[in-house]
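One structure is given below, encoded as structure tokens.
Order as written gives the chain letters A, B, C, D and E; numbering starts at 1 within each chain.
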């Protein structure tokens, strides 16, 4: 058994040939949850896209499950078992929730669609209530949950979540984080970007801090949470301990 | 009123309406699936028609093999156009798609005119000018064949789009490329399939029209403007709407042509379209609008 | 600044050209260029700034031509009165068309404006008692300017040139004003503009009106230059030519479209292409730009600048 | 202005889509010079209510009054001109324009000069532009994006775009600014800075309605909090009491009572 | 140094086939002359331009031809285009020979009518229709005729002339329809016309429109004969042999069947080159060049003014063997061929001299 599911080795990536991410390296163990922390524009989303293959690869290596994948297209990576939920709106607005979920099963054998969708609806009952509604008409939070569900349907072994709690009410947020924790326990490796850092760190094993497109710090969630510099720069500073655990 | 006369007009109109529908459906498909208003649609049709007009005498083909040649030629053209131009389009670049297809239309039209001259080609099939007569009503076999071709096509297309994963994937890619990537689709491949499908419809339409009318460079333009009006009436991108509007327009035009000066026949489609839009700005068969926030 | 100096030089050269060049052919190419420039620039108002691809532009060009001719020949108006009236008339028509058409989404808008253009062609062709239909109206009289007959390439060069100068100056002021900026904003996000208190319909109608107004007058001059008018003035070729100028120059850019318009009017004449080949050339230029440089010359330059800026920001 | 009439008054608002009531019998009012928070589960009708208030959706029933004036059937642009500006939950900015242009454009409809003044570049218009420039300068520092001032906003990250949208909303100094999830996706440290700016503006007399899922943010800023559940108002009160309401804990925070 | 003949013809649009066939005749004549050593020691060069069968484009083309300093012009095929071109050649002082346009208005405006530079060698519609109506009346063939014309000078002019002379000759006109050029489907109007059961349909349509119309009629199974300016031969040969035009009678300005050695040789050469017998436009092109060549020879100069003066006095024998000269209105169109279809073959029913 391989110990590391994903290894980044000096990865450089960006847009239109210009690097945004510089020389980033780290390794992810199977079944762990890792959070990226960083200010707005630090390059977190770009790093996620680089791992999924939807921005320009400019150097370095990505090893997934023992295979070099940096030259592969996004759908090839998808086939290998990488699932990516991008930041902001990313669904098929003119299709119903049911159809969107069916699209989530695009690469799966037909006979599995029903069961998987039913199971997903059970985990996220708010989608079941809106099953006939067009995705574009859902509320912001409902769409966010839908998108996460669409990717989860294919049961990826590496899950990239770019701000999964964006626009989620605390209760829904709790549901989503619970779900993530559960699948991680089942062996799925999860990489999360969150501005809701407190919530995310609570479920994470590890945290990586990005600054100006470079890796600034790496440590356990606990370490990062208690690092006073990090607290000041990214966690909203002087919060009382009580507020943090809210 | 002379009901035989009326029925003959209706029969003429039905056939023409079905031919319109064949053209309009391809247009609606490209719009519905890729968000492209294809100004080169008439020229793709032209390619099909010329392929048929040249292949029939050159290889002594019969009607059906001729149709297949036309469809294949159009598919090759569509594939080429997709790979070189349309695949460069991003999501929602609707005006750009118009301009690309407009450029293609200019190049193909004038290129064909340059190569084949404006002299029309006559396509003669094994049906000749023979037809069926029911009482005093008569329809030529070539027209019936065209009508049957288009009816079969609609059925196939309807099933494809609504009941298969491929059809749904095409719609998905048109709505959001990023989301398509997110669920592991290959937008480029799906886009190519959609264009090829639409091109084959053009080729089919060209093959259907060729024996009925004259094959000459401006054949496509005249028909395609009408098809634009049709897909607007039907609600942009709605296949069922396009079929309905096309058949209705064919019949109405025929009636008008039978009772009023020819000018009104030509204006009918346009005037109907404007009226429909006044009453229902999104067309007869459109889906509802989207929320803003 | 170098720009104003350049502009003055170009205008001066253009003004003295007929004193040096006696070929009426070259001067007539100049006339065409002036008229195309105005028409393309006014298309640039509605399409470039607001992103509304109005294929009705060709209709206003033709309406302007027919209105001026009919006003002079049937109503006995002076050319100098008829021309601005034609602009106003086309403007009013544009508002009448714009009201319903602008309610539609932008896809339907394109097709509806196209069909409006086809309908005007039908009217020109089939309202025989007014327009003489396909036979056209020949024998259009020359306009007189203080007793001086404007006929032939030489005097039309000055007429069209002066018209283009004034129109383009006004349009330049417009393109660099905040009104144009608001139009650009509406083009990018109509909902946001509305939430900020902008009334998009007013701006769209204004753009529609302006584009119709200037184009119609250009069409009127064209008709008098040709001395005959017929439904071919609605030929889609003109529409394609104007569009290509706007695309190649760069949507929304004044200088870009100016340069592209001049080049695209002169080049095919210089190269003396046959008609089929000329259209193929136009088509290929359109394809090449839309596919590989969708924002035209101006856009290409802007992108280079942005790229520099970005790499500076990285530092 | 008469401080007895509330700044915004929503009465019996209803909006349904194909039979589903997104907002039903919603009534609340907002006093002058206050910051009001709105919270509620996903899909509880918060954004739909904003859409109705700002004219982007036509309510099926109900009245909306801004400072006593009925604005129920007005177009969005008229409502904005009347002094109620809203931002969007999803990012809405002018992507092809620079950050500076985005901010100046936001102020444009509230300036006195019209088309003629703009076309002729009258001095009055120039003065207005200068004034707007000063305010844009302040705001760009607040969102910390000065180095992107003349860059097209297209190249910004999600959170940065969100900040631009917020700054654009603050530009024209409206009487009432309705913010739909203004800090979703914004870094917590930046959020603290934004809080200060909002408090300053509040001190200068501006009013806000803030829809947010970031509970701490809402609780720290707002004097009153309204809780939406299932399309209608469940409760309303000061932050402390709302936070202790068992029904709120259950429905919104997911903490069983 | 060469002689430059400008051509203003509709190489695109509905009259494109006809223009192309005219080009065959022009090219053949020029080839013959150049091979025989040219004129006055100079070769003939052609400058063909496309006027799209349209007045304003014809004006542009005329201006370009003037600019290119052509010695003489052949054109402009479509009547509207010819009429629009005439003021320009007059101003520039370049003669134009017309052999296809049939509008009577050209007669009125040429020669003593005002324009001394325009010469026409084919009969006008008025002349042709008068002859045709006379023939129909004498042979008693059709008594009820429906007219379908294209909406142009040609269609309206021809239809008007036919209606006028037919009435004089006692033929009843039961309906008149004008259809726009380029209409793709004529079945509605054909269905309408056939309902009133006319003895014949008088067609006034050019090239591809006429072809579309005839094919539509065959698809509808109509067996009504045609008259007016229905083309019996040329592009319609296929339809005629398929039985689509049985019994038709129409007026024409040329037939390859006319039995003179020159005509037979001419028809043979064209047939060898293009696999199709010459049509009236081919003849028009051929004799236009030849009459110009003769004028240049007689003038001893290729100056436009000299050519014009020589044309005015010329005595020219056409390939059909008739000698013609221009009248005061610069018209020399004196022959009308009445053609008919019998047993799916075209016959010359009569070769008539135009009544002046």
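Rule of thumb we're sticking to: contacts are C-beta pairs under 8 Å (C-beta built on N, C-alpha and C of every residue); 3 or more make two chains touch, one makes a residue touch a chain.
The structure displayed is predicted, hence computed values, not measured ones.
Peer 1: When every step has to jump to a touching chain, what is the lowest number of steps that links chain C to chain E?
Peer 2: When the steps are counted carefully, the minimum from chain C to chain E is 1.
Peer 1: Moving only to chains each one touches, count the minimum steps from chain B until you reach chain E.
Peer 2: Minimum number of steps from chain B to chain E: 1.
Peer 1: Where centres are the averaged C-alpha coordinates, which chain has the largest centre distance to chain C?
Peer 2: Computed centres place A farthest from chain C.
Peer 1: Determine which of the two chain pairs, C-D or A-D, is joined by the larger number of C-beta pairs in contact.
Peer 2: Between C-D and A-D, the larger count of C-beta pairs in contact belongs to A-D.
Peer 1: List the centre-to-centre spacing of chain A and chain D in whole Å, with centres computed as mean CA coordinates.
Peer 2: Each chain reduced to its C-alpha mean, chain A and chain D end up 29 Å apart.
Peer 1: What is the distance, in whole Å, between the centres of chain A and chain C, each centre taken as the mean of its C-alpha atoms?
Peer 2: Averaging C-alpha atoms per chain gives centres 51 Å apart.
Peer 1: When the C-alpha atoms of chain D and chain E are each averaged to a single point, how far apart are the two points in Å?
Peer 2: Chain D and chain E have C-alpha centres separated by 76 Å.
Peer 1: Could you tell me the distance, in whole angstrom, between the mean C-alpha positions of chain B and chain C?
Peer 2: 32
Peer 1: For chain B, write out the residues touching at least two other chains, lowest number first.
Peer 2: Those would be 113, 263, 266, 291-293.
Peer 1: Could you say which residues in chain A touch two or more other chains, in rising order?
Peer 2: As it turns out, chain A has residues touching two or more other chains at 137, 140.
Peer 1: Of all residues in chain C, which are in touch with two or more distinct other chains?
Peer 2: 122, 126, 191, 276, 310, in rising order.
Peer 1: For the complex, give me every residue of chain C touching chain D.
Peer 2: 173-174, 177-179, 181-182, 184-185, 188-189, 191-200, 206, 306, 309-310, 313
Peer 1: What residues of chain C sit close enough to touch chain E in their complex?
Peer 2: Against chain E, the touching part of chain C is residues 23-25, 28, 122, 125-126, 128, 133-136, 138-139, 226-230, 232-233, 274-276.
Peer 1: Can you list the chain D residues touching chain A in their complex?
Peer 2: 17, 20, 39-44, 46-48, 89-91, 155-160, 163, 181, 184-192, 213-216, 251-254
Peer 1: Under the stated contact criterion, what part of chain A meets chain D in this complex?
Peer 2: Listed in rising order, the residues of chain A that touch chain D are 15, 38-42, 45, 87-89, 126, 130, 133, 137-142, 145, 163, 166-175, 195-198, 232-237, 243, 246.
Peer 1: Of all residues in chain B, which touch chain A in the complex?
Peer 2: 165, 168-169, 171-172, 175-176, 178-186, 287-288, 290-291, 293
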